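Note that the chains take the letters A, B, C and D in the order they are written out, and that residue 1 is the start of every chain.
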Amino acid sequence: MVGTPVLFIAIPLLAAFLIPLLGMIWKESVRIVPGLVLMYLMVLAVSLMGHVAHNGPIIEIIAGWAPPIGINLVFNAFTGFLVTLIIFMGLLVWLYSYRFKSNVEYEPARKYFILLMMLVTGSTGVVLTGDIFNLFVFIEITSISAYALTAFYTGRDSAEASFKYVMMGSLASTMLLIAIMLIYSQLGTLNMADVASKIHLMDPTLKAISFILFVVALGVEAEIFPLNGWAPDAYAEAPGPVGAAFAGIVVKAMLYALIRFTYTIFDLSGAFNLLIIIGLLTLVIAEVAAIRQDKLKRMLAYSSIGQMGLVMVAFGIGTREGVFAALFIMLNHAIIKPLLFFSGSYLVYHSKKKYISDIDGMGKLAPFTSLLFALGAFAIVGLPPFAGFWSKLSFLVAAADNDMVLIIALILAVSIVEIVYYMRVVNRIFFFKRTTGLLARRPTFNAYIVMSVLGIIVLMIGFFPDTVTGYIQAAADSLFDKTQYIHSVLTASIQ
Amino acid sequence: MKKVLVILLLAVVGFYLADVFIGIGFGNDHFVKSDEIKPVKDIYLQQTVENLKVSNAVTSIVVNFRGFDTLGEVTVLFLSVTALGSILYRKRHHAGDRSVLFSASSIVTAGSKLLFPPILLLGAYVFIHGHLSPGGGFQGGVIIATGFLLMLLAYENYTVSHNALSIVESFAGITFAVIGLMGFMNGGTFLQNFLPVGTLNDLFSGGIIPIIYIAVGFKVAAELTGVIYTVLNEKGDQKNG
Amino acid sequence: MIAAAIYAVVQKDLLYAVIATGIISLILSIVFYILQAPDVALTEAAIGVALTTIVFIITIRNTVRMEDESDKNKNIKSAAK
Amino acid sequence: MDNTYYDLLTYVVYGSAILVMLIGLYAVLVKKSLLKIVIGLSIVDSGLNLLIVSLGYLKNGTAPIFSKGFFELAADKPMVDPLLQALVLTAIVIGFGVTAVALSLVIRLWRHHHTLYIDEIKNLKW
C-alpha cells in the first residue's frame, strides 16, 4: 500500500507546525511548503482512489482501538471522490494565490498559507472522519481558518463580514454539540457506523429533534437558506481565491456532513422531503436575490447558494439517480465557481466598489479573462456543450423518474432566471462600451495556468462526460450502500 | 418590539430543550435499555485500568482513545493564534506601545516576581501528573500561561520573545505528530501506544500518554501566552473610559 | 449563576459585565467539582476565570468601556473625538 | 439519597444550565454592542458545558480516577461518565479559541469605526 488515509491529516498538521520554524531559516519556504504538501496529498488521494476501486473501502483505525471505541477514518469511493476534489481545489487555489500574494509581506503571507492549508485539512477531515465528535472538531478547524481568511484584507468591511460569520458559526457549533450529546445520551456511542446501526432504538422524538439540530447547524455552514446570512458578505469581502475556496472546498465538506447524516445515520422517512423543501426555498430565494445584486462577487455568491439548493433537492429525491445528479452538480460547481471567481476578480480588480457595471467592455481589454468568464457562465447555467448541461440533464432525468413534475417546472423556471443574470453580465463584458477609465489587470502567470486548467476541465467534462461519470457512479453507489458502510467499519481491525 | 419576540422565541426553545433533557434524566443511566447498547464509556473505564495502566480515565480518553480529537484541538488553538496575528496585523508596528491595564505598585511587581516560579512549577506538576491525578496538558499549559500573564501585567516592559514562543510551539506540535506517526512502527496505527505501560499509579506509566501530554502542555502554554501577548500589544487608536 | 448571567447581560458597564462572566465561570467550576469532574473544573477555572476574562478586559481597554445604546452616550463620544 | 431529592435536582441543574444558555442567546440576538454579543456567546458556551457535564453525572458517583484512594474507599461506587468530561474539555478549549478570534475582530472593527454600536457599523446588509 502507498499510504494510509490518516496522512491526509497528519502530514499537513506536521507541515503547519514546521512552517514557523522553516520560515525563520528560509522565508520563501512558507509559500512553497503548503504547495508541496498539497501536491503530495493529491498523489496520495489518486493512488488511494485506485486502491479503493479494486480492493474496497479502507477503514483507518486510530490509536489501535477498533471502531466503536476509537476514532476511525473511512476512505471509500464516495469520501475518496470528495477528498480528491477538495485537495485538487486546494492545490489550484494555492497555485493561484502563490504570486498573487507576492506583494504581501512575510508575516501575513505565512499566516495566509498556513490558514489555507488548514482550511483544506479541516475539510478533508470532515469528509474522512467516521466519528461524530471528531466531525465537530474538524468543523471548528475549518471554520476558524475560514473566519480568519475572510478577515484577511484589512479593509473596513471584511472584519464585519467575518464577525457575522463568527456569530452564526459559533451558534451553529453550539447546536451541533447539543445534537451530538442527545445522540450519545441515548446510544452511548459516537461512532457513525455504530450510531447508524442502533438508531432504530432511539426515542423518535429525540431522534427528530437531534436531526433538526444537525440540519440547522450544518445548514449554517453549508449556506442553506434561511441560514446563509453570512455567506454573501463573506464571499464578497474575502480575497478572490478565498471566495473560490469557500465555494469549492468548505461548502462541499459541510454538505457532505449533512448528507452523511441524512443518508447513513438517521432513518427518518420525512428527512428527504425536508431536504427537498429546504433546497427549493434556498434555490428560489437565492436566484431571485442574485438577479438583484449590483456587485459581481455578491451575485456569484448568491448563485453559489442557489446551486447548493439544487444539490439539496437532488439529494432529496432519494434515488440512486438523484444522488448521481447531486454529485455531478457538486463536481461541476466545484470546478466552475472557482473559475468564475478567479476570472471575475480580475475583471473587477481595479474597481473600488466592484460593481457589475464596472466591467462594461472588458472583452476588448482583457479578452482571455473575459472569454474564460463567459465559458464559466455558459457552463454553470447549463448550455448544451458545456459541463453544466450534463449535470442538469441527469438531475431532470432523476426527477422525471419520480414524477416530480412541479419540481421540474420550478427548476426550469429558476434556470431561466439564472440564464438572465449571467447573460446580462456576459453581454456587458462583450457588447457594452467602456464607461469607466479603469484599466484591466493582466493575470499573473500562475493565474493564467489555473484558469486555463479549469477551463480545459470544463470543456472536457462538457464534451466527454464519460471520463467522470464512472467515478461519480461509484461514489453514488457507495453512499447508497448503507449496510456495507456499517459492516465494513464495525468489522475493521488493524491490517 | 423585537425584545418581546425574542424572549417568546427563547421561551419556546428553552421549554423544548428542558423537556428533552429532563426526560433524559439526571444522575441515572440514561442510555436506551437494550441488549444492543453497550455504552463505550464502560469499555473506556475497563480498558483504562487493564491495558493502559493510567489512573485518570479522562486523560486516557483525551490522549489515547480519542487522541485524534486532541490533535485537532491543539490545532484549533494553533489556528486561533495564527488567526489573531493575521486579523490584528498592520504594517507599522508600534514596538513597546502596549496597553497598560493599571500601573503596578511595587508590591504587585515584587509579588509577581515571587509568584512566577511557583506558578510555572505548579503548571509543570499538573501536566506531568496528568495521567495520575486531575489535570493534564491543557490545565498545566493554561496555568503556565497565567504565570506569564502575571508577569506581563506587572511589568510594563516585560517581553516574551516571539521567536522563542513559536519555536516551543512548533517543537511541541511536531513531537505530538511524530509520536503519532511512530505508532506505525511494528505494524500499528496512528497514535498507537508503542511503549511499555508500566504499573498503575506509577509516575512512569501509561506508555506514550505522559509524553504526549507534556508536549500538549508546552504547546498550550506557548499558544495561550501568544494569544495574550498579541492582544496586549494591540493598542487601540483611541482610548475611552 | 443565573443572577450573574442576567447581570452580565443587563449591565451597561462592559467591565462589570465581563467580571460577571468571570464569576459565572467561577461558580461553574465549583459546580463541576461537585459533579465529580475535577479535570473539567480545573480547565474551566483556568481558562474561563483567568484567561477569557483577561482577554475581554484587554479588549475593553482597547475599545470602549460603556455599551453605548443611548443617544446621550453617542453625543459624548462624538464630542470627545 | 432518596429519589425525590434527585428529581428536584434534575430541574435545578438542567433548568439553570438551559436558562444560562438562553440568557446568553438573548444577549446575542438583542444587544447592539459587539462586545455584549461576544459576552453572550461565551455565556452560551458556559451553559452548554454545564449541560454536558451534568448529563454524565451518576447518583453517588465518583470522579473517574483510579487513584489508590479509589480502590480503598470507593471501589463500589459508580464512576461518572469520563467521555463526556473529555468532550467538555475539548469544547472549552475550542470555545476559548473562537472567543479570542471574535474579540480580535471586535478590535479590528473598533479601529475602523471607533464604535461598537452595531447600527453604525452596518455597511453590509445585515
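Methods note: contacts are C-beta pairs under 8 Å (C-beta built on N, C-alpha and C of every residue); 3 or more make two chains touch, one makes a residue touch a chain.
Small disclaimer: the values here were computed from a predicted structure and weren't measured.
Should one ask which of C-D and B-C has more C-beta pairs in contact, the pair is C-D.
If each chain is reduced to the centroid of its CA atoms, chain C and chain D end up 14 Å from each other. A separation of 21 Å divides the Cα centre of chain B from that of chain C. Rounded to whole angstrom, the centroid-to-centroid distance between chain A and chain D, based on C-alpha atoms, equals 30 Å. One finds 37 Å separating the Cα centroids of chain A and chain C.
With touch defined as above, residues shared between interfaces to two or more other chains in chain C number as follows: 38-39, 43, 47, 51, 55, 59, 62-64, 77, 81. In chain B, the residues touching two or more other chains are 17, 24, 30, 40-41, 44, 56, 58, 66, 69, 73, 76, 79-80, 83, 87, 134, 138, 227, 231, 234, 236, 238.
Touching of two or more other chains is recorded for residues 19, 21, 25-26, 51, 54-55, 57, 61, 63-65, 83-85, 89-90, 93-94, 96-98, 100-101, 103, 105-108, 110, 114 of chain D. Chains touching one another form the pairs A-B, A-D, B-C, B-D, C-D. Residues 6, 9-11, 13-15, 18-19, 21-22, 25-26, 29-30, 51, 54-55, 57-59, 61, 63-68, 79, 81-86, 89-90, 93-94, 96-98, 100-101, 103-105, 107-108, 110-111, 114 of chain D are the ones touching chain B in the complex.
Chain contact summary for the complex, chain D toward chain A: residues 21, 25, 28, 34, 37, 41, 44-45, 48, 51-52, 55, 83-84, 87, 90-91, 94-95, 97-98, 101-102, 105-106, 108-109, 112-113, 121-126. Across the interface of their complex, chain D is touched by residues 1-2, 5-6, 8-9, 14, 17-18, 21, 24-25, 28, 31-32, 35-40, 43-44, 47-48, 51-52, 55-56, 59-60, 62-64, 67-69, 74, 77, 81 of chain C. On chain B, the positions that touch chain A within their shared complex are 16-17, 20, 23-24, 30-32, 34, 36-41, 43-44, 47, 64-69, 71-73, 75-76, 78-80, 82-83, 85-87, 89-91, 163, 166-167, 169-171, 173-174, 177-178, 180-181, 183, 187-193. Across the interface of their complex, chain B is touched by residues 4, 6, 9-10, 13-14, 16-18, 20-21, 24, 60-65, 68-71, 105, 107-108, 111-112, 114-115, 118, 125, 133-134, 137-138, 140-141, 144-145, 147-148, 151-152, 154, 159, 162, 178, 182, 185-191, 198, 201-203, 205-206, 209, 494-495 of chain A.
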